[in-house]
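Okay, got some structures for you below.
Look for subunit A in each of the two complexes below; its partner is subunit B in the first and subunit C in the second.
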Partner chain A sequence: MHQFTIEPLAGTGNWEIAGHNIAFTNSALWMLIAAVVLTVFVAGGMRRQLVPGRWQMMVEFFTGFIDDMLEANIGKGGRKYLPFVFSLFMFILFANLLGLVPLGIVGVHPFTFTSHFTVTGILAVLSFSIVLAVGFWKHGLHFFSLFVPAGTPWPMIPMIAPIEFISFMVRPFSLGLRLFVAMMAGHVLLEVLSSFVINGGNGGLGLGLLVGIPSLVLMIGIAALEILVAGIQAYVFALLTSLYINDAENLH
Partner chain B sequence: MEPEAAKLLGAGLAAIGAGLASLGVGNVFAKYLEGALRNPGAADSQQGRLFIGFAAAELLGLLAFVIAVLLIFT
Partner chain C sequence: MPQIAQLGETFASQLFWLVIFFGFVFFVVGRGMVPRVMGTMTDRDKQIGDDLAAAKTARDAADTQEEAWRVRENENRAAARALVAQAKAEALAENDRKLATAQERLDVQLAEAEQRIDASRRSALDEIESVAVEAAQDIVQRLASVKVTKAGAEKAVREALANV
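This part shows the complex of A and B:
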């Protein structure tokens, strides 16, 4: 489908690292846009006024939200992960929301880069490697006791440990896959419904009324649902990241 | 049966998994709401766990979708 194709915008010729072309694609462009919009949004709220204005309230709502989440899931030591989890959450949230902005009516087609597994996979590997780094830094080789839950009777250990190991290693995969599939499925659904509207409208007045109008109504509802999903998926990503960090920070 | 037809049938069957996951997600929210109405004071503190359960139930439906996509496009 056209909305998921990655097109190089610049540097197809000789931008190379170790033999691989690193052309500036539309995916990279929208990542840059998301980063710039996010920077402007946060910078606008960092005026530190005693009586915060609307913008500052908005930014402080998000920082407070992530701070509360880390406090609830990790405890006192969670504060130091706030910059990472906050950036992760806001970057994914802005990426999801920017992909839904209806700029198509003015001819610019937004690209949802979170609907590609390469991007979400890298984000998931990033948070997973932070878990590994924190775990081995704080607990050393004792971190491997994560695979044996507290209070396991010793005959069960040979059975439980491999299961825990697999469930641990699957984490980055499921984390990236969830975000990628949720965003892609939503956009595919909107595309299918819009093709119903367009083809129904082209099929004559009867088909247009019978198929086009209900599809359009459904599409408006699904678009609202997609905004909700964009928020929920960003929240779930940050929530699971904080849970995984909790495993590394406070080894049971 | 031709392999291509079998693939498409398998992709259609994978949609059952997505439907079953919707039951799971509905169950998660229904039970949360039921508990929250019985004890509204404890509801807010359990919201994180609500979304963990939601994420776990949803992932299985998304995996069914991935399998359908893999069957159709590979």
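This part shows the complex of A and C:
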């Protein structure tokens, strides 16, 4: 569990806003790294060549991917959410992937800030507030008809509407918790397996080979799976955000 | 679990720095760079579309020209064919004419030759007759000592020769 511990790096004493300490922590450091790497990555794809190179191709693949997703889920009006959903997807993706980089070998410990529900929760609440803002901006109080699915017989409305309302209000929690749980579970699994390898090795040569080798092989497989999960969870977050925005944008 | 254990002391810091860095990503990358990347893609799609349209126009023009060329070619071929047919017909007529004149000449020659042959044969027959008459008179005189008149012998010879 040590890998999830937030350690202040600077500003523990006097960096405060309204009495709350805002120390620059390892979590903030990896947010900074993710932001910088992402900026460098996208900046490298801005050569605006007619025939794209590999880097430009990669960046255009990601923008095109999110653009297609928005168009498929929201329609023509989806393109105006591209900056937000793209930032969300890439920021989470880079955070997930950077947290998996085996820098422990050289003594630096990567910190996966998406394994903290404070971070994923804030991002989920951000998505949810955009949904609310878009919904009420575009449809006004008519947005409440979201809780009455089209074609509901009127006697059912008093029962359906509260259920729909609860399921709507659960969205930010499920959105934030899903990412947090997936990232944390993956890292814990890798840690458990690596502790098998190390403790098995400490227990002698025979036990080390018996326990260590299968654990290492499994660990390599799980590590590959974690890279996949890093992509999938970022995608799921962006996909669900776009689906929720679709509710607000198109309202049935 | 540090996520829960440190919740109170780190929440403000997490919120503050996340807002700072995600805000940076959103405004610099999302709002600043992504539209330009998308613009490049749109421009490229437009360029490809324009190029395809130009290629289609060029191909249509080529098709039209080829069609025109084919029509012209067909006309030329038909004209050539007519010319050949005419020449053939003329040659045929000339041939017929030549053959006809040659045939006429041959016919005349043939008729003359036949006449000559007839005349020769007739004179030969006459000669044979006269010789046969004399011979018959002579033979009869020697064998039967009968003097046959020339007219009688001629009659007999002519009867005998009619059967030849």
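Criterion: the second predicted complex is superposed on the first by the 252 of 252 C-alpha atoms of A that agree within 3 Å, B and C clash if a C-alpha of one lies under 4 Å from a C-alpha of the other, contacts with A are read in each partner's own complex, and residues count from 1 in each chain.
What we mean here is this: a residue touches a chain if its C-beta (ideal position, glycine included) is under 8 Å from a C-beta of that chain, and two chains touch if they have at least 3 such contacts.
All values derive from a computational prediction rather than experimental measurement.
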Simultaneous placement of subunit C and subunit B on subunit A, clash or fit: fit
Touched partner set for A:Ile245, first subunit B, second subunit C, both or neither: neither
First (subunit B), second (subunit C), both or neither touched by A:Ile22: second
Touched partner set for A:Arg178, first subunit B, second subunit C, both or neither: first
Which of subunit B and subunit C A:Met90 touches, first, second, both or neither: second
Touching partner for A:Ala230 - first (subunit B), second (subunit C), both, neither: neither
Inter-chain angle, subunit B to subunit C through the CA centre of subunit A, in degrees rounded to a multiple of 10: 90
Subunit A: partner with more touched residues, subunit B or subunit C: C
Partner chain in contact with A:Ala34 - subunit B first, subunit C second, else both or neither: second
Touched partner set for A:Val134, first subunit B, second subunit C, both or neither: neither
Minimal inter-chain CA distance - subunit C and subunit B, angstrom: 7
Touching both subunit C and subunit B, counted on subunit A across the two superposed complexes: none
Subunit A contact footprint on subunit C (complex, rising order): 1-3, 6-7, 9-22, 24-26, 28-31, 33-41, 43-44, 47
Residue ranges of subunit A touching subunit B (in the complex, touch as defined): 69, 72-73, 174, 177-178, 181-182, 185, 232, 235-236, 239-240, 243
Residues on subunit B engaged by subunit A in the complex (per definition of touch): 45, 48, 51-52, 54-55, 58-59, 62-63, 65-66
Footprint of subunit C on subunit A - complex, ascending: 1, 4-6, 8, 17, 20-25, 27-28, 31-32, 34-35, 38-39, 42-43, 45-46, 48-50, 52, 56, 59-60, 63-64, 67, 82-84, 86-87, 90-91, 113, 115-119, 122-123, 126, 180, 184
